[in-house]
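In the two complexes below, chain A is the common chain; its partner is chain B in one and chain C in the other.
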Partner chain A sequence: MSEMIANLSLGFGVALSFQNIALCFVGCLVGTLIGVLPGVGPIATIAILLPITFGLDPTGALIMLAGIYYGAQYGGSTTAILVNIPGEATAVVTTLDGHQMAKQGRAGVALGTAALGSFFAGCVATVVIAALGAPLTKLALLFGPAEYFSLMVMGLCFAVVLARGSILKAFCMIMLGLLLSTVGTDLETGQERMTFGFPPLADGIDFAVMAMGVFGFAEVLRNLESPESRDVVRTKIGRLLPNWADIKQSIKPVLRGTVIGGTLGILPGNGAVLGPFASYTVEKKLAKDPSRFGKGAIEGVAGPESANNAGAQTAFIPLLTLGIPPNAVMALMVGAMTIHGIIPGPQVMTRNPDLFWGMIASMWLGNLMLLIINLPLIGLWVKLLQVPYRLMFPAILIFCCIGIYSVNNQPVDVAFTALFGLFGYILIKLGFEPAPMLLGFVLGRLMEEKLRQALIISRGSFYTFIDYEARPISLVLLIVAVAVLVIALLPSIAKKRDEVFTE
Partner chain B sequence: MSVNSSQGGRGLRIRSPQDFAAGLFMAGIGVFAFVLASDLPVGSLRQIGPGMLPKSFATFCAILGVMLSLSALYYDGQRLEGWSWRGVIFVLGGALAFGLTIRGFEISGWIGKIASLFLIAAITTALVSVFLPRENVLFDLVGKSFGLLAVFASVCVLAFLSFWSFIPAVNVSIPQLGLVVAGPLVILVAGLAADDLRWKELLIFALVMSTACALLFKYALGLPIPLAPWLLGI
Partner chain C sequence: MKKLTLGLAAAITLALSGAAQAQAYPTRPVTMIVPFAAGGPTDIIARIVGEHMSKTLGQQIVVENVAGAGGTTGIARAMTSAPDGYTIAMGHLGTLSAAPSLYPGLKYDPIAGVQHIGLAGGTPILIVARTDFPPKDLKEFVAYAKANVDKVNQAHSGVGSVAWTTCTLLKGQLGLEKMNAVAYRGSAPALNDLVAKQVDFMCDQIPSVFPQVQANTIKAYAIASAERSPALPDVPTTKEAGLPEFQIEAWNGIVAPKGLPADVTAKLVDALDKALKDPATQKRLLDIGTVIPSATDRTPAGFAALIKRDADTLGPILAAAPK
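For the complex of A and B:
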């Protein structure tokens, strides 16, 4: 306990420097600014804004990136409430009751409740991360290559099950991501793999190129096609702060949402996406009058929004302690960290305690910033939502182009990104959801490395992964992975899953 | 056998055109990757070679693709939508124009070969789309957009695998024009993709946005982006 407080105070010492407060503020602000744009989810937002962190030192860059991430999350909720367009899967639930509240002239209260609930959830999640960070990092030391491999297999299985759309298609995307990750020079033998002999491919496919192509360009192409039907709320925003009755109604949903979202967020493989859905279902079940849901019930905003934010933050735990990103957004964070020369994993905490605890402290700071930024600026976001898409997408595009050029100062990268944009567009047209591909791509190289190490240690025997005497953790992880897949494929559960994701 | 207008009746028919095409796509990628990785040694389990994982992933991709295509025969699913070529051409073309002009570009050697490969494939595809009758097996099977894409991809692959060394390289050199040109260029070209295009507005927006980006990225963030080396020397 005292250790945790000492660590946190170290972190706040770093985060509360003038420069870092300013970076956190700017990160939250621009994150919200881009995240608020309809059809731009957190993945696209981080991809677009990545280049503005390039000139900073690693700690500052990570603090800013975390700020961008929270800003994007909150911006997504704002769009969900005001325009009824969810930026990503987790904001879908917010549209149900949030947009109804907005239509009834209570947009301000919905946004205020979402902000306050998220702030509370963020505070709790920060403490949870600080508390679990050190012990989990010690646990990570028990992990050998076999355990890491099994953990990643489990994470990918979760990602398959929790992806939107058909399980088979999600499987395809993961496999494609893994396949793409093997392009480039083989680390052990130095042999070039599937590079066509082209020099720029020798280092493998650049992560930023792929993310910007598939989530920046392809999203633009997708949005250009759907005719614009923006249902921006025309009624007054109304007062922002919820009154006493609203608070009394939403306090329990916020608490429950925080617990649900925070717990699910720790799971490897995009558990965070389940949080808002689970919280909404729980609130609807517990409500005295379930018929109010879908017609502007404040519990339907407070619970899921808290769960969303708690999960968004606890998703950092597997990344920071084990070095394994649980979902596509965190995969993007891995890419961003690598660009700044930090390899996420247990060694970050021991080697760069400033950076680790500074980032955690900045999470709390970021949540506070969001509260300060968003409540007064809602009017500005509404204005921004009225900018027509014909101007919005060229702006997104020039940002992406400058960004992708700045990663390596290579014009060829821009051309590759365009190619990946086409690739992403084809995937979208074929009904694939590209997010799992990004996760598979990031985990691919790590998996290959760990698989090789594990098999060298075991002298070529696959038994090492299921050896219950020597490696019980690995066995348990693999059993969980198989169980999750089997359960998801059971007909009754599969039907439920479809319902959850189409709701 | 038509995909999008599923005929009734008995027997096997494609109930989910989108999944069917998606399966073919995955299987195609799997086979292509396997061919590319064919000369990589697999090694043994004790000492995994560079080819083991690429080949296994490629195999899995192909198997999953075939499964997806087969499942399309049993479950009803979505139709294949057409493409908006306008968006693809102008948005991606705008990005390409940015890449070519920002720091200048020497199209020669292997890049020149790729350029001419794409050019050959694009011309072939355009010819096919003009001269192929509207009713044909390919378009019936996967729709016009994906049919043309398939033509483009197969010309590329065939040319690459069979007469790559005979393809002449394009030789063009584009001067280093900097953000002053590349910025407005990407916005103007991409802006053409919008259905509700307004020229004046787009022109003003392109100038304002490029100035803002130059100030933000070059001066506020200090990224080494050439502004206009030919004019200002920076």
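For the complex of A and C:
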């Protein structure tokens, strides 16, 4: 304990230097801005800003780059709530209730709840990293391919619960998402699948392309069709900050979301994307009246937003303690460290204690700064809703296109986004929801990869997933998955039975 | 006759303007396409070398990451752009030597169809294993792998990756083609599962594995280079450890589109040479385990010969490898 305090005081000593405070602020501000711009993600931004950091000392550079990353997670909820566009996979869930709240004139409350929830989650996660970072690394190493596959199965069962309407339609959308995720080069054999010999498809469909299409472009098309629904959002503004009743309603979801998101964030291979989905499922299941979800329930914003931010922070654990990046943004941070002459690895903590603890301390500062940056901005964001839509939609489209292009520097991606936009519009017309499809898409690729890895290692034996001696975690996760599915399906079965009885 | 004069005049004007442009080269930033995501070994070498080259050229070298199809998308884009010296690319063992045997519809010929600038860095390959894998040294490893070919699991970072290519060569030399290969999306997740003891061994580049070897989270059997690495002085070479035929190094080198004016080529070759002679740049490359190329390898001809040599070594084995 005294060691931790000594370490943290070293960390704050580093983070509180004038230069590092300034860099942390710049990082958080840039992060918030790119989070708000639909499509421009932290990966492209960090890659672009990397050369600018060459002149800085490594700790300051990494403090700034880290600020961009978690700042973007903060800002990403803004577009999800205001214009129904998730900038990141982790913000998909926020669109469900967040945008509904905006339509009811509660955009300010939704934004405020997201900011406060994220702040709380970020602070808790930072303490967890400082106190338990090293021991928690073991958790990342407990998850082999089999455990990971079972976790993904559990995640897909959650997706069914996400459905606002028909479970059958949600199920179809998950399957479609899974199918779309198999487009591209087969990982094991190098064969191209469902690419029709078209080279841009060789690496599969990009998440950003699909999300901007089915959410961003499709939403624009729908709004242009019925201008009156936009006017509802424009005329109702309401309160800017959550009141005591809102906060009381959010406390428990925030606490639960922090635990769920923080735990999943430690896992390698983008486990953090599951956090918000899992949190949303839990809140919907625990709610007294689950039917409020999807219609602007504040818990549906508070829980997932906290989970999202907690996961964004704990994702630093495998990077800092193991030197192995758990996702693409962290891989870029590894590159940044290397370019600055710091070799990421298990020894960073002992070799570069000022960097390690300085970064952790700066994350706490960063969370505070994000709150200070974001709360006053809420008024401004909400005013944006009053901009006439004929001025707003071209801006949204242009930013989406810039963002999409910046992901891979491929012009074809922009064309694909337009196609997905049309597809998304058709889905809306037919009453299918895009969120389960996106979840299926995100999880599908991981799931296939992990399934095949697990089966290759086990020489084709499916027993590996339920081997309670060697892989108890996998078994437990599968049991939870079945339980979630049964609970989700029971009400509809019960209803059907009632119908039978009334006849 | 009139037409001929006009044509001649046009040709002379073109040649003159071409010369004028070349004299001024570079007048604007030069784009260096890195065919992988930012943060990987190729990207890091490109940024370190590019930073010093910018000083010599007097114009910034801007790294543009164009990932896709094992890096061939980015190289193809650079090689089909105008040969004016404003678009160059950082290729590697995979995209320049292995790709012709792996991608039948490749849009560039890395030996005769490009202008080579020079080798930027060599990256030694190590054979690494989980800490509790039974064999203690390379000889035991070879014997164990041959005796347990149906039990051992090899990890790699995807078909066409350096980890896959080099280990396919190793397995081809030892007659272990049937061994289980577990594919991962990139080096980091494969390494994660090796540290977590989910898989048995892999071949990978020194920058990603040496911090783990130093921390004893994985163990190294041998380095597939002619000399030991200063980053891991205790790890023997394959020659010392009894497998001299397994000699392969991953490398990165700069290529430009075919038809680059000779003086532009000379300027780029000179800038690369100056960067690799600079002690600060050398130190940054050495710190991540990169080998500074010899004076011959960093010339266009030396680099072209290296690409051809490795293509000849890998070609037959990659063509025969089970995919």
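The definition used in the following text is that the second predicted complex is superposed on the first by the 268 of 503 C-alpha atoms of A that agree within 3 Å, B and C clash if a C-alpha of one lies under 4 Å from a C-alpha of the other, contacts with A are read in each partner's own complex, and residues count from 1 in each chain.
Note that in this section contacts are C-beta pairs under 8 Å (C-beta built on N, C-alpha and C of every residue); 3 or more make two chains touch, one makes a residue touch a chain.
If you're wondering where the values come from, they're calculated on a predicted model, not measured in any experiment.
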> Touching A:387 in the superposition: chain B (first), chain C (second), both, neither?
Replying inline: neither
> After lining up the shared chain so the two structures overlap, which partner does A:409 touch, if you call chain B first and chain C second: first, second, both or neither?
Replying inline: both
> What's your read, chain B or chain C touching more residues of chain A?
Replying inline: B
> In the superposed arrangement, which partner chain does A:188 touch: chain B (first), chain C (second), both, or neither?
Replying inline: both
> If you stack the two complexes on chain A, which partner ends up touching A:202: first (chain B), second (chain C), both, or neither?
Replying inline: second
>> Applying the document's definition of touch, where does A:22 land relative to chain B and chain C: first, second, both, or neither?
In response: neither
> Just chain B (first), just chain C (second), both, or neither: which does A:54 touch?
Replying inline: both
> Between chain B (first) and chain C (second), which does A:489 come into contact with in this model arrangement: first, second, both, or neither?
Replying inline: neither
> Looking at the overlay, what does A:144 touch: chain B (first), chain C (second), both, or neither?
Replying inline: second
>> For A:331 in the superposed arrangement: first (chain B), second (chain C), both or neither?
In response: second
> Between chain B and chain C, which residues of chain A are contacted by each of them?
Replying inline: 51, 54, 188-189, 191, 199, 409, 452, 456, 459
> In the complex of these two chains, what residues of chain A are touching chain C?
Replying inline: 43, 46-47, 50-51, 54, 140-145, 185, 187-191, 199-200, 202-203, 268-269, 318, 322-326, 328, 331-336, 338-339, 341, 343-347, 408-410, 449, 452-453, 456-457, 459
>> Residue numbers of chain C touching chain A in their complex, please.
In response: 37-40, 43-44, 47-48, 51, 62-69, 73, 102, 150, 153, 158-160, 180-186, 188-189, 191-193, 195-196, 198-199, 207, 210-212, 214-215, 217, 284, 287-288, 323
> How about chain A: which of its residues touch chain B in the complex?
Replying inline: 51-52, 54-55, 166, 168-169, 171-172, 175-176, 178-179, 182, 186, 188-189, 191, 193-194, 196-199, 217, 220-221, 224-225, 388-391, 393-395, 397-402, 405-406, 409, 411-415, 417-418, 421-422, 425-426, 429-432, 448, 451-452, 455-456, 459-462
> Residues of chain B touching chain A in their complex?
Replying inline: 18-19, 21-22, 25-26, 29-30, 33, 36-37, 40, 44-51, 53-54, 57-58, 60-61, 64-65, 67-68, 71, 77-78, 80-81, 83-84, 87-88, 91-92, 94-96, 98-100, 102-105, 110-111, 145-146, 149, 160, 179, 182-183, 186-187, 190-191, 193-198, 201-202, 205-206, 209-210, 213, 216-217, 221-225
